[in-house]
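Before anything else, here is the set of structures, which you'll find just below.
Next come two complexes, and both contain chain A; in the first it sits with chain B, in the second with chain C.
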Partner chain A sequence: MDINYQFLIKTFYLVLTAVPTTLNITAVSLLIAMPLAFYLAVVRMRPGKYIRPLISAYITFVRGTPIFLQILIIYSILPSFLNSTAKYFALEVNVFDWNPIIYAYIVFSLNTTALLCEVFRSALGSINKGQLEAALCAGMTTAQAYRHIIIPQALVVAMPNICNLTVKLIKGTSLAFLMTVKDMTAVAKIAASYGYNYIEAYMDVFVGYIIVCSVVQVLFDFAEKHVGKFRLIKQK
Partner chain B sequence: MLKITNVHKKYNDNEVLKGVDITVDKGDVVVILGPSGSGKTTLLRCINFLDHANQGEMEFDEYHLQLNSASTSEVRKIRQKTAFVFQNYNLFQNKTVLENVTAGLIIGRNMEKKQAVDLALKALAKVGLSDRVDFYPSQLSGGQQQRVGIARAIAVEPDVILFDEPTSALDPELIGEVLSVIKQLAQEGTTMIIVTHEMKFAADVATHVIFMADGNIVEEGTPKDIFQHPKEERTRNFLRRILPPQVEYNI
Partner chain C sequence: MRPFNPQFMLDVIPNLLPFLWVTLTVVLGTVFFGSLLGFVLAQAKLSQKPRYRWLVDGYIYIIRCTPSIVLLFIVFYGLPKFCLEVFDTDINRYDKIFFVIVTFTLLFSAPISEVMRSAYEATDHGQYEAAVSIGLTPWQAFYHIVLPQATVVALPNFGNSVIELMKEGALAYTIGLIDLIGKGQLIISQNYGAYALETYLSLSFIYLLLTLGVEKSFLCLEHALSRQKKVV
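For the complex of A and B:
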């Protein structure tokens, strides 16, 4: 097997230039999904007749279908839908001119929201209700109790799962090429297609993802230790 | 000062409180006794709206409200006038001892940090934990945690402190330290409502004893009335079972 080392190295740098795109999709999706997922998690924990089944259905849908399909469906349906909506309201926008990364944001946000919602729900549920009651008795409002007492503790519980999800999301963004977004995978594939150097390209992408995901995991370890200070102190 | 009348509370079909009245004046130490499931804890929790009663009225100083339809702001005002000590402490695990005590002042009552810390240190000194201010709850024994719970309650200078079986989760050898703190508060004239199973302690600190069973108040009166001259058969039965038997010799 001949490996074109020159191409290998050249493409590796090319892959690195696409890291920001991958991180961009990941970060924006997480930023959209976090507050949304948290809100849904809180709503889902409260008694309510109508909204809860809707949230459950949404989560079931997202969890029960491959992200590959979700991308294909949203990328083929959403633009036409948005276009006809825009036309209906006589808006002067051409949806088909949009940067495809916007659809990547939408797909990955929707996907991450559903998964994060479950992470948050389990984390919030792990903090005993007594502390909320104690906070209310201490004169706090429910919002203050969540902000100062419940969320800081739930976050520590959720951290490993959020890390898991983030890494999964980074890898998941490799499917963004379906929407013609030029992320790490797409860039390497395009480069490979000129001379059929697929093995080299895949090796580059492989290493690229390992580096990015490792750095993210280290950062999460660090963050987990920081927000979980109160847990780490040993019995004196 | 605090008067609650005709409290009814149902969990589904299970009626836990069947029309209970309770009156507390400033400086009173009201002790509520009764077998498990008699509604003692529920009554206490209805007073500061941790449980919402189905029916009942409350007069608390200038406030006069219906227990089942109090607004969020009314509930918060009542909660700011009371403090609650829990059976299983419920300390904030992510906060140090000092922060546990100041949280109600700084976050709940918008007090300046310096002033809050002063009050908190005073409260912690009173329960004998001045040397533990920077510890986290997980580093303390049960007795110490409960004393932090009491410090958290007295630091906000409430009109009345509600104790829900404050020693039930403690090792027998740690019960004493908590009871002596409560006793000291009683001597200082702190107004308290205490649910407890510690009979001797109840007889010592109470100014008024309430005996509850099956969601009703069976009998109430001074500790002497209840412990030495109980009128009701139900009370006598309960005390006989729970107090050490007084052996009668017959020669």
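For the complex of A and C:
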């Protein structure tokens, strides 16, 4: 097999320069999604007539359709929608000049919110209701009880799932090229298209993703140990 | 902004539906071959030799970190070259569905091997020993005693993996396979890029029905298979 090693090495460095973009999309999406998802999870656990079915429908839609389609739907509706809104309010902005990474943030946040909501809901469900009641009895407000009692315990349960979700999200950002964002996959694709060196380019991306995902998983391992530190009885 | 046309969403569905079979063929083919490969991997993981376990662990780790689109392109561009070099056979002209099924078999086998292994470990080993002690051969004991119980345990996770696979399968169009999404893109370009949103919404509606259908049928299957199960 004739592999162009020079191209392989050169493109690998090129792909590495795009790693920040991938991590950027992942981190921003997670940061936006986390408070939203937590709020939705709490709302979904409370009794309510109108909001709960809406949240359920949203989660079903996100979980039931390919992220590929979600990207295409948002990317075909949002720019023109924002543009007409801007025109309606007579704002002097050109929406089409914006960096497409904004749309990537929006798509991946919406997607992650739904998936994280399920993670948080199952984690909150694993905490005994007595914990909240005891905290309220001791004179804490509900917010304090969540902040000091419920969340630290729920986070330990949720951590492995959050790690899985983050790895999935990183893999999902490889589709950001559909929105003309120059992430790892897009950079390699462009480099390959000059000389039809697709195999070498995709090998580089393959290795790049394995490195990024490994680092993230190691970090999550540390985080998991850190949030589980208060446990007196170590599991396993 | 062009007004949204709900009527088009309905009109486009009859044009899309004939290509549902391509999508389903990809899913069914992948589930079949992926389960076979997953079975082999699960057996290797359960074997006594640590070197097989390391190999399978490494494979699962790498697949977990690989985006499907990257693997799809590596297989699509790499496999023909590899086959030409090693086996001296030209597979460049093979149908694209072949490459799609190969890719998704590789992707699907990793999680499915874990599902199978955990289901096998969830069934009590005493069941196997009891079966062997009354004179069944190891294969009979596995086939008649362990497998039916392990199947019930594995079904929910198996169903989730199939749904996951079906959603990932939407990427097959990127190498030029004309499945549901591929046909949708063709319709959009026939309309010079108009009606993109309507077509995508119809597609996601079809996918939603598919995933809900798969979920429901796996639930029914689970009920049917766990009827004999008695909790002591």
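One rule holds in what follows: the second predicted complex is superposed on the first by the 231 of 236 C-alpha atoms of A that agree within 3 Å, B and C clash if a C-alpha of one lies under 4 Å from a C-alpha of the other, contacts with A are read in each partner's own complex, and residues count from 1 in each chain.
FYI, contacts are C-beta pairs under 8 Å (C-beta built on N, C-alpha and C of every residue); 3 or more make two chains touch, one makes a residue touch a chain.
If you're wondering where the values come from, they're calculated on a predicted model, not measured in any experiment.
J.: Based on the superposed arrangement, let me know which partner A:I101 touches: chain B (first), chain C (second), both, or neither?
T.: neither
J.: Using the superposition described at the top, determine whether chain B or chain C touches more residues of chain A.
T.: Of the two chains, more chain A residues are contacted by C.
J.: By the touch definition at the top of the document, which applies to A:A134: first (chain B), second (chain C), both, or neither?
T.: It touches chain B, and chain C stays clear.
J.: Going by the contact rule set out at the top, does A:F68 touch chain B (first), chain C (second), both, or neither?
T.: It touches chain C, and chain B stays clear.
J.: Please name which positions on chain B make contact with chain A in the complex.
T.: Chain B reaches chain A through residues 48, 50, 76, 79-80, 82-84, 86, 88, 90-95, 103-104, 107-109, 135-136, 138-139, 152, 156.
J.: Help me check something: in the complex, which residues belonging to chain A touch chain B?
T.: Where chain A meets chain B, its residues are 128, 130-131, 133-141, 144, 148-149, 152-153, 156, 230-231, 233, 235-236.
J.: Spell out the part of chain C that touches chain A in their complex, as residue ranges.
T.: The touching residues are 1, 62, 64-71, 73-74, 77-78, 81-82, 85, 163, 166-171, 181, 196-197, 200-201, 203-204, 207-208, 211-212.
J.: Would you mind writing out the residues of chain A in touch with chain C in their complex?
T.: Counting only chain A, the residues touching chain C are 1, 60-61, 63-70, 72-73, 76-77, 80-81, 83-84, 167, 171-172, 174-175, 185, 198-199, 202-203, 205-206, 209-210, 212-214.
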